[in-house]
């Protein structure tokens, strides 16, 4: 882009016989602008994702450690996985985990963000440490929580007086206990996104609403919620997608057990790929997981789009 | 103008006390495991699982962790993994910002054909289960010499940081009134200058939030760093788990001490950045 | 300084057409007002001219130069935004200095910049606000700063988008008067967009009325006022709106209000027997207190009952029932009547507008060629 | 992008990867053909199979530790007492041979993730790595491991003093297999050299036992009763800790040991087919008791228990006994390492009905990456690390339990066992019947993890008989597939 002065601007403007046409940008270049801005981002990631397609390709082979010369087997792996009740068990566990964890994190995250947004002294102190749980890598958080959950010497049973027979990671409780850890780690993520969102809202409508004497709940439902909805949905998208491919702390805490109580899809994929060295089967698992994530994300993104348009209307 | 946006002024009503209590409850839950980790970091090996709150605290574990230099426990200098993590995470976030912010701007500002598809593509990179890509990625990294390098880490961390940066910032750009940039264009500034001097400063809270979260997520990433690096470019998260030991002795106390140390850089970053998050730069007034 | 030409401008947002073939030709130095209700496409038109929006069809020329593909910063136009669009992170002074620092509106030394800003802020009465941030200003002050950011720089064309819309009525009137007196605006071609007919009539050298993305009428304020091309323009100007009475041509006269009122029709109007028409009467053209009795030539008399009388400051707005048809009248309070009184209404025939008949809510064109006025022919 | 000169070499024919290949691999990635062409590079490492001849054959002349002087090798290990005892000795190796050694450590939970990826990726990133015997069964067939037989037999490459036969026979057999279904261990190539090993026996809190005046149980039923008697949940104390996590590793220590002593087997060999026998009468009966033991006298969150959990509970006084590797409980008795240090003792565990002390074996061995570019240096390292001198030093200077060489065990190791009551007696009691009790098969990890999952399901209330029937059926399908 040129930075020179275009010539005719000093006052009084000289009368020009033959007006000089200022530089113009052809239409295609103007249209290309957003693409030019976006393409580097796409490329840098597509480059790293090239292996993804290779991984997907494994899904139609029978490639494993004991079968190092893979041949094309079509959809055989898919048929095998889709008729496997373990797979569907994992789908169920994964969905329950994702829905409950994401839902709880949203409710708590928005709640914490709203509470912190009041000008309370308690809130100001806590806001500084809000993000702390995120500072502990999930794989380490799994270790710490594992120690806390231990029935024999864990601090939770000690503090709550549950004795040594209360088992946080029993068949019935394990899924809820790993969800609790997920909530602990990631609620601050939601709270921060939403808090930043709240703080970028225009003030006028709230002042107006205050003047009108609207109740807190009414203001929240009619004003705050619609306006922060896009931020909440971004949080939902990221949390839900990450929950669907949850691995780190579940693996540390239960490795998918007891039985298949916490065997999420990515843990199933881990078993096939890494433990059993059956890459094709593992890839099939992950490809199906990817499809599940893809579809839900697509849906969530379209909801987000609508919400953003609505929010734009509410603000505007 | 009111200093607070949402319900109530500063007064000691029942609601505000209840709200403070709710906050207190949340933060008890949120901070207890952190406290527990810190206590663990102060315990000796003999006391690590046989004591609760009464023990003889020692700072020895921190010394052991920081002086771990390719010795029996970790095979890497803990401090050098800290540096690797700082360099690669800062690098990854910077790359994501430099490349991702324009993309977020394009998506937030213009409705161009395929804009949603581009955004969705960027997002979909996050879908790929790590384990699915990591084996082929390992081979390719070997072939092109990125294995066990910080550059390689920075690249692969784009999978973590880029979608976060782009998607968070898009919302902010969408919310930014177009008129401001248009005014600047008519003031005679090029689009680039307009973007840099008008749009960018106004989404600073968004950039702060996105950069911080992206940094933390990159910092905490485990699988990529585990598989794609060795002694040269191990990250601190990988190094922490090495203190878990093996062969019958797990050093939870050392692990906790390492985790406490490893949490400091993101914590410092968070406290530095939080100013922008907290104040939100009177951003509300931007919108008419 | 320069002319501005817009031809066949068309702009769609998705399926809705915002601007649908707008043609404008603004003379050098002219103060040109575009009047239209919200959603008519005023802002879109301005932004297209400024180069801020891509449009689908049409052609724009500023100071004799074709603007297609020209970036906004090369167009040498200045614009005041309805939202003010002040940079929130900059002080008033910095906001005003912004166009002078870009290097594309001329080169200015620091001293020159200060001088210009001083001049403009003196004119607008905001010199004491230099160090304030926009968030510390009232709406009126923000408005002035936004205007100042335009005036502070030379440009071929000034584009002003509803610059007074957020002000309260009193301030608006005051600002309107100020604008009128601003020498800067007198010299430079200005395209001024508003939904306020008073601004349009008071400020414009010429006024274009925009409706649904189309220009309905372009004329001087007098012509637009006296000869609105259709009921839309007629209703757009004046508050309260013009009374539109449905009627029918019967034996060379238009009969309205159930036939109790009849108006002579000049042949030049070209209406036919039994044709449905609408008669337009501006509330402020109608007077009360006429002597009951014969209708003098060139005037129209109606008798009705005051149903509602509402005081608007020094004048009173009355709703008068004329044989079942409500007629709104605004008179000075001296001439007002209490509710329930019978009243004789009087209006000069030259102030009576005749439009084609039509469905309610559908605007219809003025009948007869421009310049035909009832009074003159009667 | 530049192609960094790294230690990586492609496997096929040792051709260096050039810029053009790189472009070929990466540039034309769109089509299926290109993907297919990347696959071999991406996929299987593989390399030297016996018909290609061994790199060992290229070594000639007299043996000399300095033969590979100036090279540098990388080894992959998991943090472990073995590795920790050797770490200080590495400088001796460098002094002896002039070879630099760089160790990379990966925690045990992720060790196989890392190792599998690396081997599957076919990189020679690490020349030597630690593996357990079972890994040979899956890593061997794709050709990821170097056959060490030719190296052992080549007197130019192996010192006269090495004395391979000094290593316990059970261990040497355990690391040798021909990869044929149904064929026993001890046939075929030598895929790794045993370095340290573990017998799975009972460690107990002797101080507590002495206080109560009791002794370890000699039969399984007594063992169960004893464990139950020792359990006091209100005191957070329980009888016996052993693994229960959702991993193949749950099966191989205590469970497999006692399973074998009770006379049960994992598979019956039927021609070249294997038939799973986890649902035999004996097996079902034993499994019921074992799970009952876990429920009544095991840790409350048994299904998460791995060996560090078990040994930790012994160390902090929560568990009264542990049925797991002797060497895993060993460090807990070293002063300062745990609260109960000094209070522990060892016992062979309950004998079978017929007096059997059949004991399952775990050996950490050193294996060579078949994709290694520095095989001679790698072999010298393995030879040194499993040699008499280095192993004796490791035993003397720190906790290296148990050494795989009879001479080292009888010599240096016994001297260190003074504070470890019963350790030696236990070892001597079981060593002759200590071997791998599993039937070798290439689906070991998959089928054995299924087994662990079945135990968890039974623990959670499923019927042992029907669950084990289902397990046996699916495992039979799996191993013969």
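Which chain is which? They are A, B, C and D, in the order written, and residues in each are numbered from 1.
Keep in mind that, in the parts below, a contact is a pair of C-beta atoms (placed from the backbone, for glycine too) under 8 Å apart; a residue touches a chain by one contact, two chains touch by 3 or more.
Bear in mind that the values here come from a model prediction, so they are computed numbers and not experimental data.
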* Kindly list the shared contact partners of chain A and chain D, in label order. => B
* In contact with chain A and with chain B at once: which chains are those? Just list them. => C, D
* Structure fact -> One chain's C-alpha mean falls closest to the whole-protein C-alpha mean, and that chain is A
* Any idea how many Å lie between the Cα centroids of chain C and chain D? -> 89
* Could you grab the centroid distance between chain B and chain D? Build each centroid from C-alpha atoms only and quote it in angstrom. => 37
* For chain B and chain C, let me know how many angstrom lie between their CA-based centres, rounded off. => 55
* Structure fact -> For the pair chain A and chain C, the C-alpha centroid-to-centroid distance in angstrom is 51
* Identify all positions of chain B at which a residue touches two or more other chains, and write them in rising order. => 1, 49-50, 134-136, 140, 190-191, 241, 244, 283, 285-286, 288
* In chain A, which residues are in touch with two or more of the other chains? -> 3, 31, 50, 54, 150, 153, 270, 274, 279
* Multi-chain contact residues (two or more partners), chain C -> 71, 75, 103-105
* Touching pairs among all chains present in the structure -> A-B, A-C, A-D, B-C, B-D
* Structure fact -> So, in the complex, the side of chain D touching chain B is made of residues 1-6, 8, 17, 22, 25-26, 41-42, 74, 77-84, 87-88, 102-110, 113-114, 117-118, 120-123, 125, 307-308, 311-313, 315-318, 325, 327-332, 336-339, 341
* chain A partner contacts - residues on chain B that touch it in the complex -> 1-8, 10, 15-16, 19-20, 22-24, 26-27, 29-31, 33-34, 36-37, 40, 49-50, 52, 95, 99-100, 102-103, 105-107, 109-110, 112, 114-116, 118-137, 140, 155-156, 158-159, 162-164, 166-168, 171-172, 174-175, 190-192, 205-206, 208-209, 212-213, 216, 219-223, 237, 240-241, 244, 252, 255-256, 259, 262-263, 266-267, 270-271, 274, 277-280, 283-288
* Asked: Which of the residues in chain A end up touching chain C in this complex?
  -> 3, 5-6, 8-13, 19-27, 30-31
* **Parts of chain B lying in touch with chain C, wherever the complex brings them together** => 1, 177, 179-180, 182-191, 193, 198, 201-202, 281-283, 285-286, 288
* Asked: What residues of chain A sit close enough to touch chain D in their complex?
  -> 50, 53-54, 57, 63, 65-66, 68-70, 146, 149-153, 163-171, 174, 251-261, 263, 270-271, 274-279
